[in-house]
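Labels for the chains are A, B, C and D, by order of writing; each one numbers its residues from 1.
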Amino acid sequence: MKSRKLRGLLALASVTVLALGTAACAKSDRDDGGSGDKDTFVFGTPGSPKSLDPSLATDGETFRVTRQVFETLLKHEPGGTKIVPSLAESYEQSPDGLIWTFNLRSGVKFHDGEAFNAAAVCKNYERWYNWTGTYQNTNFSSYWQELFGGFAKNEDAKTPAANFKSCAPQGDLKVVITVDHYSATLPGAFTHASLGLHSPKAIEKYTAEGNPTGEAGKFNYPAFSQTAGTVAGTGPFKYANWDKGAQEVTLEAFDGYWGSPKAGVKKLVMKTIKDANAGRQALQSGDIQGYDLVAPADVSPLKDAGYQVPTRGVFNLLYLGMQQEAEPLLQKKEVREAIAHAIDKQSIVTSKLPPGAKAADQFMPDTVEGYSTTVPKYDYNPEKAKELLKGAGADKLSIDFCYPTEVSRPYMPSPPEIFEILKANLQAAGITVNDKPMKWAPDYLDATDAGKCPLYIIGWTGDYNEAYNFIGTWFAVYDGGWGFKNEKLFADMATVSKEPDKAKRIELYKALNDEIMTYLPGVPLTSSPPSMAFAPNVNPPTTSPLTQENFAEVSYK
Amino acid sequence: MALLEVEDLAVTFHRRGTEPVRAVDGVSFTVAEGQVVGLVGESGCGKSVTSLALMGLLAKRGVTVTGSARFEEADLLQMSPSSMRDMRGARMAMIFQDPLSSLNPVVPIGLQVTEVLQRHRELRGDKARAEAADLLDRVGIPDPTRRLKEYPHQLSGGMRQRALIAMAVACRPRLLIADEPTTALDVTIQAQILELLKDLVAEEGTALIMITHDLGVVAGLCDEINVMYAGRVVEAASRRPLFARPVHPYSVGLLASIPRLDAPRGEKLTPIPGSVRDNIAWADGCAFAPRCTHAVEACVEGPPELTRTYTGHAYRCVNPVSREEAEAVAAPAVLPTPSLTEATPSEEESS
Amino acid sequence: MVRYIVRRLLQLIPTLFGLSLLLFAWLHSLPGGPEAALLDVRATADTRAQVRRSLGLDEPLWIQYGRFMKRLAQLDLGDSFSTGTPVVEEFGRRFPATVELTVAAMILAIGLGIPLGYLAARRHGRLLDILTVSGSLLGICIPIFFLGFLLKALLAVKLGWFPSLGRQTPGLDATRVTGFYVLDGVLTREFDASWDALKHLVLPGIALASIPFAIIVRMTRASVLEVLGEDYVRTAEAKGLRESTVRRRHVLRNAMLPVATSIGLLTGGLLSGAVLTETVFAFGGIGSFLAEAISNRDYPVLMGFIMIIAVLYVLINLAVDLSYSLLDPRVRVR
Amino acid sequence: MSAKTDRIDRLAELTAARADEGGHGLWYEAFKRLRRNPMAIAGAVIVLVFVLIAILARVLAPYEPDAQTWLGETSTATMTFPGARAGNLLGVDHLGRDMLSRLLIGSQQSLLVGVVATVLGFSAGALLGGVSGACLGLFGTAGRRVDAVLMRFNDMALAVPSLLLAVSVATLLGQSLITVMIAVGVTQVPVFARLLRGSMLAQSHSDYVMASTALGVRKSRIVLNHILPNSLGPVLVQVTLSLATAIIEAAGLSFLGLGGVDAAHPEWGFMLAESQQYLSGALRFAVYPATAIIVTALGFTLLGEALREALDPKLRK
């Protein structure tokens, strides 16, 4: 009798529960048809792109998207680091490395119907070279400045001098690009995603829009780079929509794509999923068909559950940075050496890193040309470390150790855990370690850059297969992160960067690696291969050590 | 014929971790058609619990009600909850002590009246509203149509009590229980309300159980009076005999503590010492014994039985008060209460 | 009434001014700037300085604040450092997601919380009461990100009933009108899109509802218990009214007064408190965007969003106060 | 002086009379009601056990919480982590440390977070709310204005996401357990402030305050001797609830990478956040600290709820 009376009362509750139930059932009905339609492929990425025009961006998430839409003159072979032709069928380099001649592919069309030819190439390079005003700001042109120096007319004294000299079409399908001096960034620069080639018609529209407004405190990306419609490249996909609220970029297969493979799905959606667990659960529940940056601990469970977890080749490096100004005792080589001997790199690899990870003995992975087999080695030997410290009068060394907390990088899946192991190692050698945990951005990045951290862990993933892309970023000049001045090392770095002959350069790099590891500015720790995960019913793209996967290869089985 | 016959009513409250409390213990009384019966006693004596038990308004849990209460051929205590619902508000109704807290603050007066009409008389819409206005008018609320839309807080205390009475009499019940209906009101208004009750009862021939601690109130109103102490009736009689010759020391004490205008100057009131808490269990003797001025050894030797005289006067005492002593306190109280009907109800609205 | 509203709104101006000053001083006192997030890890000190200059961060704080206020006077909150889009646009883009999520959570919390709270009160001290109260309190006691994980593991991964993240199935190509996906589907008659969006709301809705649900159960229970002991409920019973009438008109109508106030406040709190839920469910609302903005030291977004939220919060409170006067005739706004 | 003390004594009687029901004090009555409530008993038992464990943690823990003794036996690549076994009753964690020891020491840290954050939130909130309430109740128009300003900012503070506060504190002080305590404590300030003010306001309208005002007792005295002590009931309830909230919020902060991160002093929230990467392969890493958090928080919450009920004069029968 009581329950009868309560029925009325429970109506509200029942309705609520019922609504949930109906929603649930309806979903399971539809699920029988497989996870959604087979035209759409959703890929989870750890970050959002910033611009649809790669030349305005610096970050990997932007390039992951733009790479599917734009192509460059040269590219890296699928799954490798070797430079191969792309929009150029072949290229020649003058012996001094100043004149670069490209023979262009014929029959290539841009997404907006424009034809690809030499004039189009030069239109692109001249657009970048002739940027003025706010475009010259590093907000917008960071990579152009890094790869080709400044502009036709530099407006700021701080902007580097232009290295790009000219781009000259020779006929319809031949183009000659001249630079002022050789730089080690070449020919890698011609593969760089930021220099993807735009349709000339699109470029005219960009110019018509004018420069981004640049009043202080206002920081506007140009409108064309923020909505799909204007931007057009030659790649297998074209932009369909960028839903910033949902954090999704939708790409559509471009039917007129010249090359093969053509896009294997009609729609490719790049969806930002920051949380690694969220990505894995979304894959498992069929909401997405793949995601990047699989946590090492998820690799084998996913594999066991039938998912495909392709692993990229190793092309990154994690190292223990030392700032000699922040801790003067680090200026003693014995102390640095002691720290190197105190660290058990192998325990990090076996305990914490995904399959395929390696301990590093120099400041680049062994997949980079210029890797040396003759570098001095510093084995794990806590006793020796103690002796060295005692010899240097640093047996009571107490040192601050910075590490980031909430971040996961391909080279450093879980910084706090790696820190814990390192700390235990150092303390076993009698060094007192003071924890300095920090949030990755901006606290940690700022602190390490400003030289506030005597010890810290950080790393790098290569952009292209050039040793300079690794060691050159750290040891070419005085750097706040290291806080040392080694004039000989700096001079040797300058020499190698100007050597246009590749074979000679590689030999020089090997010697440099030996030199660096003898000086021992820090301790290279590990290289770990980042993994992607895909649903069992898709054909995943070939993994690329440079994270340059071509999603045109993706299709449903 | 009796309208209500309460026989041996007992109410026990149970609470985990404590001894059960017998709030009402073997109470019996009858109410005839159209009769006004008073239940008198200090707070905590069980008179309100008695009325709630009769109305079926006690919590279901932790309460045991035994005995019987025959009302119109049915036993109220055995009735199913739904029949009780049909009965309440229709055949029997109740008026509570505090008119402000007894009215729903967020529902207009009108709705609170019409909901009874709708429930028991199936009156709806305009008909119900008209009837409600009529009811308010009958209980002496001026401008009833306007009042219907107002909320309790917009009415004065007397008006609220009138509205409550209107709700109670809306279905012309056979029995009305009024639980201290005037305690929360100003003295002048008290009289008006009592007058109103008296009139309504007389008009409709409704029986009334008047629950009060104020002997003054019963004096002018009740035909039969039951004095209760610690859950039992200690003295029961018609009005006149009770006031003329109270027998139980407690009744005498109550009468003696009424302030009297005719008392000689400087004479102090004689309050009953102690409070209701200072009693003993009936099982051990007379519960009133600890406070009683007439207490003797026999009082605590066992529970006193109810003695009934041939005149129908009943009392529960082993050492009743002597005639002389009783008359000394009683005489003036028998005076009928002055009628205040001349004071028009609208006066109280001036605030 | 109107005067009361106008007065409350006018009071908002000095408060906002104070808030903006406090916020500005506070944010800019934090070490580090937005350039770390904007630039590559390898950016040189020069580039960093250049970026700071271009963002106007090299000038004295009072000039920066002056500029902020000047723009604010023209109802311009500036542009986001990290996305380069106007703050108002960023807010408008993400706000519907948060509102949808909040509303879904509140519907769940109210729809389940009030009946359960009432039931618990009616069965005070009995097993059902204890189970309901402990059960609802459990919602408060599970860290929300872990609850999100458990919900997904069970209802999305294992049973496949609900999608595990996002607001709508990617590639659905629903037409956007207002940004409220459920509403959009109805407006454009793309009911499947609405349905899809609704399903996406379920899991994050439950996760976000866990705390307000517990609070509503608790408040309803306490409030009903209190009202059940009120004389007017006894009066209503004495009138022989049907139990449903007593419950609806006399118990709930009174018991809901304090609950209504708390619902308003809870809703306001949820607007800004959805950070964890939005992160775990990749929901793309203002909560998770604020969290990012903090890491990026995206001052315009932080200032703008928080001030808009503060205004909304005040407006919600005002609405609650006004509705209170509608619900309770004893309260009349001056 | 004697006249004044006399008056105060009479006042005290008045107050005592209010608290005195059936010869026992308000708190005694509340305690009696608590003892009858199964929720209170469950809550109290949990809290008691938790506090005991926290106090004895160092004695009970078989190993140092940060000793990576079994690191060599773990592998993320193959997801091998020794589970429960003779030496490690709950297995080892992702860095080869004894899980049980970490959980035990964690109880200490979690209790610390709860207590310190609550004390912080309470003291600052009580100051703010107390001042505000006292101003409003006793110092006329000017007081009302002070109260309005204070409360308006207090309400605004409720609208600012607590995360922002936490991040600022973390950036200024560095990431540590103390940061978490302060950050969580700060978020409790407006709650306590509002509560105390509201409760004082209700008290200041009560009969005995009116009576003492009528008797001419100094206002500050009324506040200190009568309003404040009698406003403490709801605050006490909030303290209990805040202990639970603090432990849970600390977990949220850890999840966002803002937690205390000292391996030698693990806190449950941090342990739960740490385990997030292993949810797919080693769910137990999360289950232990999560269960600990949930049970403990539930204990505090149940106790708080029961206390609220016991102290609520309107719910008394």
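Basically, a contact is a pair of C-beta atoms (placed from the backbone, for glycine too) under 8 Å apart; a residue touches a chain by one contact, two chains touch by 3 or more.
Chain-to-protein mapping (UniProt): A = ABC transporter substrate-binding protein; B = Dipeptide/oligopeptide/nickel ABC transporter ATP-binding protein; C = Peptide ABC transporter permease; D = ABC transporter permease.
Predicted model, so just to flag it, every value in this text is computed and none were measured.
A comparison of C-alpha centroids places C closest to the centre of the full protein. Counting C-beta pairs in contact, the chain pair with the largest number is A-C.
Centre-to-centre separation between chain B and chain C, using Cα means, comes to 54 Å. Averaged C-alpha coordinates give centres for chain B and chain D (ABC transporter permease) that are 50 Å from one another. One inter-chain figure worth recording: chain C and chain D (ABC transporter permease) are separated by 24 Å, centre to centre, where each centre is the mean of the chain's CA atoms. Measuring from the averaged C-alpha position of chain A to that of chain C gives a distance of 35 Å. Under the contact definition stated at the top, the residues of chain D (ABC transporter permease) that touch 2 or more other chains are 167, 171, 256, 276, 279. With touch defined as above, chain B holds no residue shared between interfaces to two or more other chains. Counting partners per residue, chain A has 277, 439-440, 443 as the residues that reach two or more other chains.
Taken in their complex, chain A has these residues touching chain D (ABC transporter permease): 276-277, 280, 295-302, 347, 350-355, 357, 404-407, 413-414, 416-417, 420-421, 423-424, 435-440, 443. Looking at the complex, you find that chain B touches chain C at residues 55, 57, 84-90, 93-94, 96-98, 101-108, 111, 115-116, 119-120, 151, 153, 164, 167-168.
Residue ranges on chain D (ABC transporter permease) touching chain A, taken from their complex, read 66, 68, 71-72, 74-79, 94-96, 167, 170-171, 174-176, 256-259, 261-263, 274, 276-282.
Only residues 31-43, 45-51, 53-57, 59, 64, 67-68, 78-85, 93-94, 96-97, 107-108, 111-112, 114-116, 118-119, 149, 152-153, 155-157, 159-171, 179, 195, 198-199, 202, 243-244, 247, 279-282, 284, 288, 295-297, 300 of chain C touch chain A when the two sit together in their complex. Within the complex formed with chain C, the chain A residues making contact are 5-6, 8-13, 15-17, 20, 23-28, 31, 36-37, 39-40, 42, 50, 58-59, 134, 137-139, 142, 156, 158, 212, 214-221, 226, 244-248, 250, 267, 269, 271-275, 277-278, 281-282, 284-288, 439-443, 445-446, 449, 458, 460, 473, 480.
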